[in-house]
């Protein structure tokens, strides 16, 4: 069984790394703690920036001042100003709120929807399994960003729709993982016992089998979180995600591009913000995976 | 938005651009200008022009994309053409007569005009082309050919075209109707054949379109160039790098946000003129609270157009006050300062109209037009100053056309209305019954003026009519008329003879390399 | 060998997946508003001409009829006609494909050429400073958004040093060297993430292989160190690398949508974005379907390849 799971995971996931990692039992134990510390610290810093924006400690992110457009970093404007003379640091801070919101929101949505679909398919098996998993396969035929683009096109841009689109694009991974857990779990003795005692289907799913899948789901959630932030940035860069006047890192990059020759700070700042956030989440994700993954211990 | 200081600082720039614009126009109005006086145009040379997108089709009776038109102008010609002031001039027809009732047009065909395939243009070709345009199956995008009730050849050099009723803009519209050879019609979309100064050589999709000089061209002495390549370069930064490197010689319609790069570089020049485009914030007059004229006027007072031109268009624009660009010299009425920026006045008007605390409203912006999006972001901030809370909504162009333009489901939107050669076709969109009156503007006086303008052919009366129309639009605050964005053309210093037109064309007949 | 029965089952699943992908594509894009007829004819269009055009395009038919007509056409390789460009969708895809495909191939080549040696180096220098450097770079590569890296590369290589073009594409037939140069920066940007991934996998696989009994045996038999690493260990660790590379092709196709926008390359991704902007449904559907098709088929082939390479897998 384990071997089968491995190949499926490997070939259809599109993110084969976890599978391979289990396969080859990496010995990176020493690095584990460093990962968590570094990632955690970075993330705290990012959250603090977001909070600063939330509590109004940074400048107003949308205040324009054409007279002070494209001012280089200085004491008044830590990261300089953009083409409308808006303070880039204030916008970066506001953008971190957006990024965290979209990342968390879409990951939560994907995990919930995916786990439900996967649980149902895995638990019910047979016809249900076939229909749901074929549909998931169909969704998986579209690379994540393409699916997100398609969905945003249909629903229209904006923060809420971006969350939904990225969420749905990530459903398949969670569905697969959960299904795997349930395929093995549903025949377990204690599940049959619960069944015999008259427990309702969703109760069995939620309280008896799902807890076994929490580990892999959390690991996947960490991966999805950072991927979702990248996807949001890409969508906004393409003009399909977050809409003005809301500041989003991707959109800031797009808007700064024509000026980058004379105002390089305006492309450096948002890109660095994306980079550091994704890095923080990746490091944390690695750390969590090492903690939770029993096979590497 | 900060106060008046900036406007004072900005004034010289605006003045300068206006001066430059009028200078350009006047220099070129009478044909060869100053540049010709310095050095006689030397024939020869291969010009490379950077354009952002591929043409959609080379079939001139189907093409709608402006990007196609700018290339087509060098390949195809109609019975009449237009000069730099938008006046109608002879082209394939050397002369014409209009009957008393204004319904019959008789064109006398120029002799010895050749198609690029070497065959001489005959009246049969003209009739064929007219009939093809009128045929619904062809898919000609505009409705005016439906006004034609009869086409006939009176003799082998004379063509008669009869309309169902007098239609003053007919000749201007006819400038869009290319005469094509029937034998080539099936492959026109990919292998154009016309009568223009340049002949099609090849089109490598996504890369370039190449044209060469047509030696059998009927106009004496032009074109000067041996060949022209339109290189498709979607990214303006790339285009500029190519310009600096000399692999591209001209970038027409340069995006204003990269103009700084051209200005900063040596060996390049940047020329500009108004585009004959009306950038406006359209207001849906059927929606609360925009039904109230005072509210619309308040919005007009709250918008600082000078700051918009500086902030969104980097100063490259000409301020407007009504729905006409100053390019349309003889019909234009200067109303640019009809509503001076005055936020206090705006607040008063809002209070008068019963909105002392402002209101919530949505501003829809076509996402693919950077200028309109930037303008919209600034307008939203300006309106917030007087208490109007604007929600910005970006829509794709397809959605814009469908929902806003056709179904009129919007509050406010910013768009550029492309100019036409005739004032009627510019202003008739505000006529109550007009299918594209997406502002929902209704005004009896206006309607009767538009109707009259169609019937009279006396120029001074038409001037009166259309000037009054512009005045009504400003008075009624039918929209916020913002600017005519300047058309920026970046070129190598040795390129000369570029001409501006009130339409979206690149005329390469007179372009040459200075020695 | 892969058993025929298994292969057959996979092919059936493949076809079903494709059908579902078709349905998803069609369903998604027929919900959105937008009148293709108007897009074709522009803002001043005559309503009567528009009605005619709608009929011509079959837009007046019920949705399910449109769906089956489209599906039937797609099966025969006819994806319909682009509304805005008035040309067959299949032809347009075919025209743009070389750009995207060469970008993907070049990026993949870079990925393998940099990723495998880096990973092998890390594994053979395990625990030393250089190993840590490799893994720091790997972490960075995994976190850097490739479109931002693209912008930085343009800033440095094109604007500052003027070594490489900042965008645009020269067709291979025109000038192969120029074509290669115009793809170099986008390919590098696109490869960054995958280089890191491949380096990581190679490193892990190598470490694993080096600890295997047969390597120890070989070592004890006196096989030279170099031979040991390159002939035995690396060869065995390439199995996962090859399969991962195959799967990353799908990711490259998706990534090129954004990369083509950054570098203004006239590829499939840009065509897709333009088509979306203009609500050119036949074109959007066609491209989305084509990408889905490519992904499914490449995944399928990778799957088979993996089974061929790794004898330890059971088939059920």
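For clarity, chains are labelled A, B and C in written order, and residue numbers in each chain start from 1.
Keep in mind that, in the parts below, contacts are C-beta pairs under 8 Å (C-beta built on N, C-alpha and C of every residue); 3 or more make two chains touch, one makes a residue touch a chain.
Just so you know, these numbers come straight off a predicted model, no measurement behind them.
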Quiz item: A-B versus A-C: which has more C-beta pairs touching?
Solution: A-C
Quiz item: Going by C-alpha centres, which chain is most central here?
Solution: C
Quiz prompt | chain B and chain C: spacing of chain centres that average the CA atoms, whole Å | solution = 41
Quiz item: For chain A and chain C, what's the span in angstrom between their mean Cα positions?
Solution: 21
Practice problem: Just give me the whole-number Å value for how far the CA centre of chain A lies from that of chain B. | Solution: 46
Exercise. Could you check chain A for residues that touch two or more other chains and list them?
Key: 153, 257, 261
Self-check item: Numbers and ranges of chain C residues touching at least 2 other chains
Solution: 32, 154, 159, 276
Quiz item: Mind pulling the chain B residues that touch 2 or more other chains?
Solution: 237, 367-368, 396, 399
Quiz item: Of all residues in chain A, which touch chain B in the complex?
Solution: 62, 64-67, 69, 83-84, 153, 156-157, 239, 243-245, 257-259, 261-262
Practice problem: Sort out for me which residues of chain B touch chain A in the complex. | Solution: 1-2, 5-6, 9, 236-237, 255, 257-258, 260-261, 264, 307, 310-311, 367-368, 373-374, 377-378, 380-381, 392-396, 399
Quiz item: Any idea which chain C residues touch chain A in the complex?
Solution: 13, 16-21, 23-25, 28-29, 31-32, 135, 139-140, 142-145, 147-148, 151-152, 154-155, 159, 197, 200-201, 204-205, 207-208, 240, 243-244, 247, 250-251, 253-255, 257-258, 261, 272-273, 276, 284, 288, 291-293, 295-296, 299, 302-303, 306-307, 312-314, 316
Quiz item: For chain B, which residues count as touching chain C in their complex?
Solution: 56-57, 62, 64, 136-137, 139-143, 146, 189, 204-207, 232-235, 237-238, 241-242, 367-368, 396-399, 401-403, 405-406, 435-436
Exercise. Name, in rising order, each residue of chain C that touches chain B in their complex.
Key: 32-35, 38-49, 52-53, 84-87, 95-96, 99, 154, 158-159, 162, 165-171, 174, 263-264, 266, 270, 276-280
